[in-house]
């Protein structure tokens, strides 16, 4: 606590150099070291503060809510306290808008004096958050969904810890499964924006390395309503399988159109997990049957840890947890463990603790790469099947890829 | 290749006719009420949401197709009577701000009631699956959407061309004073036109809600596209809007085949060029003559 | 009506024409508003254009002032073609019009209404025109006062235009036009809608202006036309029907027919 | 601030009584600027986040001011002001990351870029009037938006990235000038305050200049101005470009402050919100729209916590349009002129509303 207090008192006078401020923080922590010093700077200093910079309105609202729900579940299991201190949760809506994202991040850091930032959902917002978080260097950033690898690749931000996934992990590892189990030739279909392009490139690279052939690439603008022209191109490619990256409303429109046009009878649909996720499957329904995807968490994943998690989640919130809830839950685990281990919230000490941390997640064993702060976790290949009651559809895990890590993006300590 | 073109043509026609349903209201409302209705996209969105509710609660897509647009019409009536009517003697600018505010409110209400998650109107079994149209497979539902919207546009076209009401509507688009001099209650005509536009947008909402994801961003998403249609067709011209909607629908569909990223650019460039070269719209003059 | 009257300077006046048209034509779509009109406006005199409503008088004004571009034919001002020039370019050359419906800046004072016009002769796009305060423009303001005196509005200089009486507004309208420093002033019904008293005042004003400006009037009041005009042009259905001194026009049967017989278009 | 006093002082001594801002109003502006300047260190000590919000309020106030100059004052309803805002922002982002962080270089450059973009849009658009002009500016601004979003310039120039596509350009540093680092928000606050205050003075000055008077004449009666010998089109394009310069300046202030420039800055929703700010604040008063902008930024900030903030915000727009068409400025003026009549006025407005609905 004290470290933060000292750091802040200098923040208006030190000029920009985050290094010097970080040193001050470190020295402050070394001198103070206890919670006592921090208390004099206002009531917010009592207890811990976690700020959620997430979309709570708009298309991604469900994702934001799920992350908070997951986070709350873990805290609830700890009776809302860590080290005897209460944890205050502050929600701020990014509206999935870049500028709003910067604003709320600053608000959480400066006004709410958050010890940790959890969020955001979209990568464009995450890119914009790098600067404010690194400049203030007063909080740990648990990136609970934004998957663009460049958040890490561009400067390896020190306080950034990805408790979610990166776009390499949800695309490239699927290549081997597709190549070995489905087809040696694919057509790539993707939402034509940064994240879609990245996913497509990563998959392509991996697939070609294995000897597979990419027959055609079809990009559709973000927010496409009618996919039929693109489906025509996909069909004309003559490939035996399709690898796709679409998410949210695009995923619903794409998958439904894919089946409506009868393409599911000609080729096998595969994709990153967001193509066939808990938030899209209800609207996709039977159209999604038999499609394969890759993700780091699946509600129906068969393990004791996950069953407990699902049960607890359903008890607390009603409804079953999705991947975002798991990411929120793991953010809470990482945060709580780091606070307990360092006995405070000094960000630099927490960083040291986090890089060595390993914990048991509903998705399996979880740890951070010490250089990139990227997650090292299992990835699951799933197939969409009818649920037991026959009323709806759900993902079934058919293969587990263990301890998936990914490139180091030029980060090293 | 032929298959792609055929598919794109079918899609273009379907896009065009559904866009025409939305644009018809926007352009008539502008022509007669002199109101740029920014809330028109929100009315379309309401149609889709009401559609999911009716289809979900009563289990009938067909009821949804009838009831949801009428519900949208009611909302339209409320908007016209309680917010637009007091403002007709004001600068049209204020209508923009007002309808902008209404659009934001509707979007907020939708999130409040239904949440932000994507939904979809369940399509009846009769309309699911695909059939072959010449060399291509095409979803039955999409053909249904094309047929229904074309039929509706044809009916509206005839009504506007032939019926007394249509003549009255066209007359008051040109000269409201003349109409009121004929002893007709202009404010009732205005309400009628607004509601009519809202119902058409609602129909489009239900129809597209069966093939597209239904989400709170769809209102503001469609409004600019509709503006492009209305501008290219000639502000206030129903015929122009229909032709322009078909044009835009086909351009969008073919554009997706050729250069998806440039399609939007091309549409806005088209809008700008028409406004500079022929502000009355590509198809506006025929009606005026 | 295939017969077209072509007037030449020698027919009506000894002075050189300040404005002349040659076969000027204006079509709106299929409608011909001005049909092959050739006319010469002599300098330093008062010319009136009369004709039934819809005869094309205002369209002719609009062609002279650059609001419309002629479909065919030629318009010359002081021997230089002005057809198709932008309105401000035509004003720069000295052709100015006043409006029938009072057409000014309602929220500004009478003085400022005139000053916007006088200012055009002093300012353009120089640095001072962006940085100075408009109230520090001494010469335009002095000019504006002078003009207000000419149109008998000196006492109303600080009154907001919208608050002027009807008669005063018409005076202001003329003042604004004068402020643009016309050599040729085209006046669109300067006495429309006025009481006899007000009309009388305006007639005097028009006479006074005519001392140093060539005037062309559109006027409905036949008495005023006869009283003021040195010559009269009669338009009917876009064609020049007749052209001559007031007495000749009065005697012209075709004019009487057009006016009395064809006047039912109103 | 000395120059501010001087500039105000001179125009105050002039003879005509139709100033855009009365002497009392000018005093109010001075007091507001002074109060902000004094308040900042207090805010910084007590709640630094307020500064953050104040900076954004001021930047949007500047943007609203720039639009009011052409819209409220010259009658050109631009529905594409986001294009100039974004263009200035992107220019600043590129210059800072590639060339220099010197505010005296980058900010004027952002103004020039804003003016050029506005000049281009204006040159093509001013021939159209009213709603057609608005639609044209909307179309052009969306063209710029799509270009930024798809990074078309990079494709054309054959480089890897120019606008950075949908993610935009991020990690933009704040300004430096004469050894002063503007990174701390308090320092950036003063930079913004100075830029906004100077812009206000400049635009007020422009509005009252001979040029500005002609623009006002164009708004009231375009045809008449034309027939007085003014090249109306040139005046409009120039007015639009000048406005664009200040919109560009706003962008140049905003992007380094936020550390990111992205296509959203150019989107029509920003232009739309801007028009809302103007109407909310009171058209054509220059200061009203600034208040309107500050209010909208504040409301969005405060309402953000509520799930139904959109309903509240939209409701406020609707109520203002119906009951207070002259916006905040109109309300302030009417209260100042006659404080006792507030209740009567409100009653009259409501009765009026009911009458009209019943009609």
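Here the chain labels run A, B, C and D in written order, and each chain numbers its own residues starting at 1.
Definition applied: a residue touches a chain if its C-beta (ideal position, glycine included) is under 8 Å from a C-beta of that chain, and two chains touch if they have at least 3 such contacts.
Predicted model, so just to flag it, every value in this text is computed and none were measured.
Farthest chain from chain B (centres taken as the mean of C-alpha atoms): C.
Averaged Cα coordinates give chain A a centre that lies 37 Å from the centre of chain D.
Between the Cα centres of chain B and chain C there is a gap of 49 Å. Taking each chain's centre as the average of its CA atoms, chain B and chain D sit 33 Å apart.
Residue positions of chain C in touch with at least two other chains are not found. Residue positions of chain B touching 2 or more other chains, listed in rising order: 111, 261, 264. Listed for chain D are residues 307, 309-310, each touching two or more other chains.
Pairs of chains in mutual contact: A-B, A-D, B-D, C-D. Interface of chain A with chain B (complex): residues 57-62, 192, 219-221, 223-226, 228-233, 235-236, 248-249, 252-253, 256-257, 260-262, 279-280, 283. Contacts from chain A toward chain D in the complex involve residues 11-16, 56-57, 91-93, 97-100, 102-104, 106-107, 110-111, 123-124, 127-128, 130-132, 135, 148, 150, 154-155, 193-194, 222. Those residues of chain B that touch chain D in the complex are listed here as 36, 38, 81-83, 85-87, 90, 92-94, 96-98, 100-109, 111-112, 187, 220, 224, 227-228, 231, 235, 261-262, 264-265, 268-269, 271-272, 275-276, 279.
Interface residues of chain D facing chain B in the complex, by the touch rule stated above, are 77, 124-125, 127-128, 131-132, 135-136, 138-140, 142-143, 146-147, 150, 152, 268-269, 272, 275-276, 279-280, 307-318, 320-322, 325, 352-353, 356-357, 359. On chain B, the positions that touch chain A within their shared complex are 1, 3-4, 7-8, 10-11, 14-15, 111, 115-120, 128-130, 136-139, 141-142, 208, 211-213, 215-217, 221, 253-254, 256-257, 260-261, 263-264.
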